[in-house]
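Chain nomenclature is as follows: A, B and C, assigned in order of appearance, with residue numbering initiated at 1 for each chain independently.
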Amino acid sequence: MLAVRELALDLDAFEGPFDLLLTLVLKEELDLAEVDVAGIVLAFLERLAENATRPVSPAIHDGSTDTTAAPATSRRADAPELDLDACGEFLVLVSALLELKARGLFPDEEAELADLEPEEAAEELARRLAAYRRMKDAAGWLAERLEAQRDRFFRLGPAPLAPRPEQKLAPQDPAGLAAVLRVLATDPPQLSLAHMALRFPPVSQFLERFRAVLGRRRRFDFDAEVADLPRIDQAVAFLALLELRRSGEITIDQAAPFAPIRVAREETVSDSERTSTWTLRSA
Amino acid sequence: MDAPLRLISSNPLDQLARTVEALLVVASAPLSVEELAIAADDGEERVETALGLLAERYREGRSGIVLERVAGGFAFRASRDAAEACSRLFERPVQRGLSPAALETLAIVAYLGPCSRPEIARIRGVAADSAVAGLVERGLIAEAGREDAGGAVRYRTTPLFERVFGLDSLSELPRLDDLGDSSDEILARLHSVAEQRSA
Amino acid sequence: MDAPLRLISSNPLDQLARTVEALLVVASAPLSVEELAIAADDGEERVETALGLLAERYREGRSGIVLERVAGGFAFRASRDAAEACSRLFERPVQRGLSPAALETLAIVAYLGPCSRPEIARIRGVAADSAVAGLVERGLIAEAGREDAGGAVRYRTTPLFERVFGLDSLSELPRLDDLGDSSDEILARLHSVAEQRSA
């Protein structure tokens, strides 16, 4: 069993186990902006490959497919629980880091946080994560609600033999037209930096992207799919892949360590389940 | 039309009639017997019999909902007794002005001349499709050719627009000297603000 | 609301109920008690009584047409028994499941609306442009003015949203306090990792 907390990291800004990194980040003794989260992901992947190659060959396992020469039975006995448990825990912790980091990229918020004591800053970060989690849960509630309303049909649009309402418009003041154009020509109150967060892509972006690809094709080659992306995006994309595997939406196989990763749609998962189980645990 | 026996037992006529009334209350156009039969997964003859039952239940003097046979098939309508109430419902004076989206779109088209939907969207920072469609439906703007061969359709204001806004011509629109000397200048300014907004 | 005496005599409750069912069968959106009372030219209390009669007649299991209370008013829909037949002929407005991004955006607009795309992006940490555009196109959210002069367009949920999700009003959404983990819990979980380290 690969203990994620003990994952040894050797990054520019930090050297030591993963949980110490988290501790330092929470105590604000380490600036998350300085931390190469992609480096953490790569370290984890290396450990994963190491552990997997020791007993048998493949780097990533999927119980349902067998692409190696090794007998399926011995492989199952040695490795799969390691991958899934460790990946699950790793995902929770790293996605928390990703979110904290993405939010840290808002300069005004950073300034706000800088004024706070370390414990207050941690509380503030937890508060923001909680706000986001509530919206994710609300989205889940809406998905369930929609599913429950599936057999309610009602008319959209006018009734077939209803009178057509006459849309009479009261006289209007042309000054209103000039006023809205002046509003449109007014400089925005402040420059929004919301797009800064995009520099660090969230996992959900790749969840959506891969689901869209799988909507069109039954299987795809992960390496080819992310070949054009920067390294950090590839790392986040891989996290998304693990999350999809965890929720049972895909099967993954890889012939050998560092061989191309093949992704296939898991046919048993219905659309509705898919929309409700996607939620990525973020903290 | 085949009406297998199993249907007669599993789907008595009364249930079929309920299915048909459900279909009719959801439809936004009259439904033919054939359409009803396909949707109800039953035979056309049985559907006609069910329609007969419904015609009896939903008839003038007995119900506010009346089943009517029209050119395209069958549809529900309001009873004649309720005509006055219906006209009050539909002819409520629409004193509502224009929505903010409609007003912005209209201002852009009125001040900047023939304008395409992509152009309007660029200035507003959001899609203008439904606002444009709504204004066309109300007759306040109309198509005015294309940008180039094969380009997007452009829109201009209509004479109705001038009447509603009490203008003899577009030259009577309030001046916007504070925004620029020409419509080109105003346009350039709107573009630059839009870019800042979306940055 | 004044319900003149002449109405009580000339328009017994049964007739009012017929008028109300006529109004509901032609309306293109749920009608509030107030709208029904104005159109029927009768009192709101009497309209509510008439609606009670109709609810009894048009209910699941008894009729293919069902009266429901939704989106702040009353409307007819097809009975659930007829869902299969309806699905052969009609599409629900949201036939296919909404994407996770769309659902999250919808939740944010429903709870915090009116709110703008930058606000939504701030909470989600991802640009919300395509999700917003998709929801506008489906008619589940709509523009609701701008933040400030030159500010971003804000969005709110539409009555169609309430109807599609079978809500009488937004107050039927679960309380935000009951959703997710409290920030205390999240903080505790983050700290537990740190504590296990030092232990």
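The rule is simple: contacts are C-beta pairs under 8 Å (C-beta built on N, C-alpha and C of every residue); 3 or more make two chains touch, one makes a residue touch a chain.
Only a predicted model underlies this, so the values are computations on that prediction, with no experimental measurement involved.
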Query raised in the report: So which chain is the furthest away from chain B, centre to centre on CA atoms?
Result: A
Requested in this report: Averaging the CA atoms per chain, pick out the one whose centre lands closest to the mean of every protein CA shown.
Outcome: C
Requested in this report: State, to the nearest whole Å, the distance from the C-alpha centre of chain A to the C-alpha centre of chain C.
Outcome: 29
Report summary line: Taking each chain's centre as the mean of its CA atoms, chain B sits from chain C at a distance in Å of 20
Query raised in the report: Between chain A and chain B, what is the gap in Å from one C-alpha centre to the other?
Result: 39
Query - Where chain B touches two or more other chains at once, by residue number - result: 22, 25-27, 76-78, 86, 90, 100, 124, 193, 197
Query raised in the report: If you look at chain A, which of its residues touch at least two other chains?
Result: 153-159, 161-163, 182, 184-188, 192, 195
Report summary line: Given the complex, residues on chain A that touch chain B span 153-178, 180-182, 184-188, 191-192, 195
Requested in this report: Could you please specify the touching residues of chain C with respect to chain A in the complex?
Outcome: 25-28, 68, 75-78, 80, 82-83, 86-87, 90, 92-94, 96-101, 103-104, 106-108, 110-111, 118, 121-127, 146-152, 163-167, 173-174, 176, 179-187, 189-191, 193-194, 196-198
Report task. Within their complex, state which residues of chain A touch chain C. Result -> 5, 17, 19-20, 22-23, 26-27, 93, 96, 99, 102-103, 106, 122-123, 126-127, 129-143, 145-159, 161-163, 182-189, 192, 194-195, 197-198, 202, 204-205, 207-208, 211, 271-272, 274-275, 278-279, 283
Query raised in the report: Quick one: in the complex, what on chain C touches chain B?
Result: 15, 17-23, 25-27, 31, 35, 38-41, 63-65, 76-79, 81-82, 84-86, 88-90, 133, 136-137, 143-146, 150-153
